[in-house]
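Working notes for the structure below.
Every chain is named by a letter (A, B and C) in the order it is written, and numbering of its residues begins at 1.
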Amino acid sequence: MAARRFADRDNPPDLNPRDYVSGEVYRDAGLFQAELDQVLGKVWHFACHESEIAGAGDYRTFQHATQPLFVIRGEDGALRCFFNVCSHRGARLLGDVAGTASRLTCFYHLWTYDTCGRCVDIPREEAYATTGVEKSTLGLREVRTATRSGLVFVTLDDAAPPLDEFLGDSLEIFDDVFGDPSVEYEVFHFHRGTVEANWKAWQETIVDLYHEFMHVVLRTTQMTAAPMTERDMRTYPGGHLAIGGLKADYHNYKAYGAREDSKAFPGLTVDDARFTPLFPDTTIITRGTVMRIDTVTPIDAHRTVVESRGLGIKGEPEADRRMRMQHHNDYWGPFGRNVPEDAFAAEACEKAFGSGAARYQIIARDEEGQGQDDLMLRAYYKAWSDMTGHPSHNPKNQ
Amino acid sequence: MSSDQAIREVVYRTCTALDAEDFDAFMDLCAPDLDYRVTAFSPEIRKEMTWLDQDYDGMRALLDMVPQHLKRLGTLKRHVSIYFMEDDASAKTAAITSSFIVTHTDPEGRSQLFVAGTYFDEVDYSGDRPLLKKRKAHLETRDLGIGSHIPI
Amino acid sequence: MTARNAESWRTLPEIPETHVVSGAVYTDPTIFADEKKRVFERCWHLACHESELANPFDFRTFDYVGTPLIAIRGRDGVIRTFMNVCSHRGAKIIHEPAGNAERLTCFYHLWSYDDRGACVDIPRPEAYQSAGLTKDDCGLFEIRTETYLGLVFINLDDQAPAVTEYIGEALAPFEASLGSGELEVFHYNRSVLHANWKAWQETNLDLYHEWMHVLLRRTQMTAASMDNRVVKAFKNGHTMGGGLKAAYDKYKGMASRDSDMALPGLTPDDFFFVDLWPNAALLARGTAIRIDVVTPIDEKTMLVEWRGLGRKGDSPEVRRTRMKHHNQYWGPLGRNVPEDAFAAEACEAGFRNGAAVYQVLAREENGKGQDDGMMRTWYAEWARRMERSPADPLRSAAAE
């Protein structure tokens, strides 16, 4: 039981490679580029919930893999996604976060597009006659879009397999929740925050059950609410994960009131907690009466934007909506008991990994799939290694 | 003007005078027994520190010398909000607690927060006009960049 | 006698190479990367004063060129330093700048360490059995720490010679004061300044810039003969400037300092200072001692930390006066230090994009007056460790 020599920090831990991850994954410029190209540039990424773009012409802008994008519902009712960039001089096309428009007009020279991305108007077009530049070849860059259970996904990879193949069975623990045809969901909460950390550090706070020790709300409401041996951790092809079998007893945290089962989402009781982290950057979580969807997107290797949505039932009574907003924000809002602590954790890891001071992290817990096994972190980094082509324990082959 | 407003204005005018670097106007607001301190708490050494500590003559001398110093470029602007005022009618003093921020604007016109803090003041109104007798300017902000020749 | 054109501006003057420093030392990223390795990972760094860790389990955290560290006084009274990073998932463990803790517990999964850097608790540790990981494998990384004259030094190089050997005789003038064991820190301030770290250290090495400070023009330049100045250079690049006097009452509003309040071994009117290579300065003005330490954040940003020392057990009145003496010169609202910070940032503005090409350190006064010898000594040591000429630091070894 002793301190270690500083000179030894370069040595990898004496563990199986699957049980540790190199700090280079958080800071190396080459690996970050590999992530943009081989991971974020290839997967299906959650863009928004369909309720955010319910009517024809409704759009939402967002960033994915550092690319500015927007999704828009066409006049034909279909959802499409495009690069938020004018074909003329590269200017950002839509400046606001959301809106409605049947025609998208660039502020710069008033070039105009329709909701299918076709260029429909170019002022004083005749000047292009001699060069042969014409509208029909100047549509917006479209990005493949598909929806499942009201969740809108996009992919930058024109050759990606269909969304259903990408997701496989990974949403199965939400089958009850999304499967009731009489229940339509809508987004009642949205907030975004910039976290001074690598994007994966945030995702890890979701995938790592062991850090229940960090959150007083989870120590009091979750760690002892059900036996650790009843936890149901699942891995899916492509790196998706799921955690079922978690229970929460909100009575144990001072300031949380009683909750009624009648207000829980279809198939759930108020003490249910289920998580589906979709690889590599999105998570759907429910706690009985509330559902949260998080996505992370990198600004660069050291800064990340986290977007957090809360879902409720469309048309529910005001009292129910108010209750849901309260339950959601108690835990997951920017002033909630839980989410600010995860941001603290992600930033605390950046302080040592970002500069290269810390070299490795350990993900070696094995509880045969129960309790606080690290198998989900290992599955995450296995998928990362497969997709980037760099083994996460030694990605720079040193 | 009500006497209450005249007392408050002592606090406001110390700020506008320092902003304008009108040191005569500033000293004119100060009582002869002035005790002016700027403090901060260091969590590193777990102690309160006094970064400026002047009586009337000391403050006058300090301000007289300021024009000769190599000063940070740009201007400072103080914003103060009086929170509480407690009157001691027998001593004819008012204890005033205010919150303040000071912004710095560089020669190119960019502004940034310079310092945030609290003034704990004592204004003496026993004479023909109210004067600042005591100030403790306690700073929240401790990284002052280059620092400042002019008191906060 | 004309202004210069592009070519003549860029041509080095015909003076010895040791008397010129190229702006590349401030701006070039490869030189900065080299400095991190050859200077900051090899030399003793003044981390804090022992009075900041007075009791067992007292700790101080700080960031040393991107590495979070924690210094803690053990139950055995010894001060040790560790990487302030949890062996589990790389989180920074302790976030307060100072405190007292028998156990250092990481917020993330509650792994705990003791004052010797040993990992003493891992919640639900049985899950690590199949991987063969135990607490014994998970101690914190320890950094060389040695205390000398009450100053706590650290070194990232496990093989470096002892700090007493590194410093040699350079701190002799401070033996009576710092060595008395009677001093404590009453002032701590830090600032991030926008300039290369060497631009700050130069303000400690350059007597000629007395001209810049109205305070020193009044109280120091004529307080004693320029011929009385004594400058010494030591092995490893340390320097001392002494033989200076201060006439405090020559600056409006300041009074002469009381000899009753002088710290052990110091006289109220004398001023001397020692600059430890590469990045510390210790200054004595009779009633207070100032210590500053500068570290780079990147090649154009630095962190400066200032400390003021007085006597433990000072009465409140004495402490108040001592603080005033210290801060009227050296505090962030003082008459002196803000001007040095101004100077450092002004030089950055000149060198940052190459407008300024080099600086001239050519004053020779036989070590008296305002000789540039201290700066030349500093850069000679830089040249030795970096294996580069400060006048032409990007010149490749092969070409020589």
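In this section, a residue touches a chain if its C-beta (ideal position, glycine included) is under 8 Å from a C-beta of that chain, and two chains touch if they have at least 3 such contacts.
Since this is a predicted model, take the numbers as computed values, not measurements.
If touching chains are joined by edges, the resulting network of the protein chains shown is an open path. Compared with subunit A, the chain whose C-alpha mean position is the greatest distance off is B. With centres computed from Cα atoms alone, the innermost chain of the structure is C.
Taking the mean of the C-alpha atoms as each chain's centre, subunit B and subunit C sit 32 Å apart. Put simply, the C-alpha centre of subunit A and that of subunit C have 44 angstrom between them. Mean C-alpha position of subunit A lies 49 Å from that of subunit B. Note for the complex: subunit C touches subunit B at residues 52, 60, 96-98, 185-193, 212-214, 251-254, 320, 323-324, 327, 331-335, 337-339, 341-343, 345. Remark: subunit A residues 1-9, 13-16, 19, 23, 204, 208, 210-211, 213-214, 344-345, 348-349, 351-358, 360-362, 364-367, 371-374 touch subunit C in the complex.
Residues 63, 66-68, 80, 82-85, 87-92, 95, 107-110, 116-120, 123-124, 126-133, 135-144, 156, 158 of subunit C are the ones that touch subunit A when the two sit in their complex.
For subunit B in complex with subunit C, the touching residues are 38, 40, 42-47, 49-54, 57-58, 60-62, 64-65, 68-72, 142-149, 151-152.
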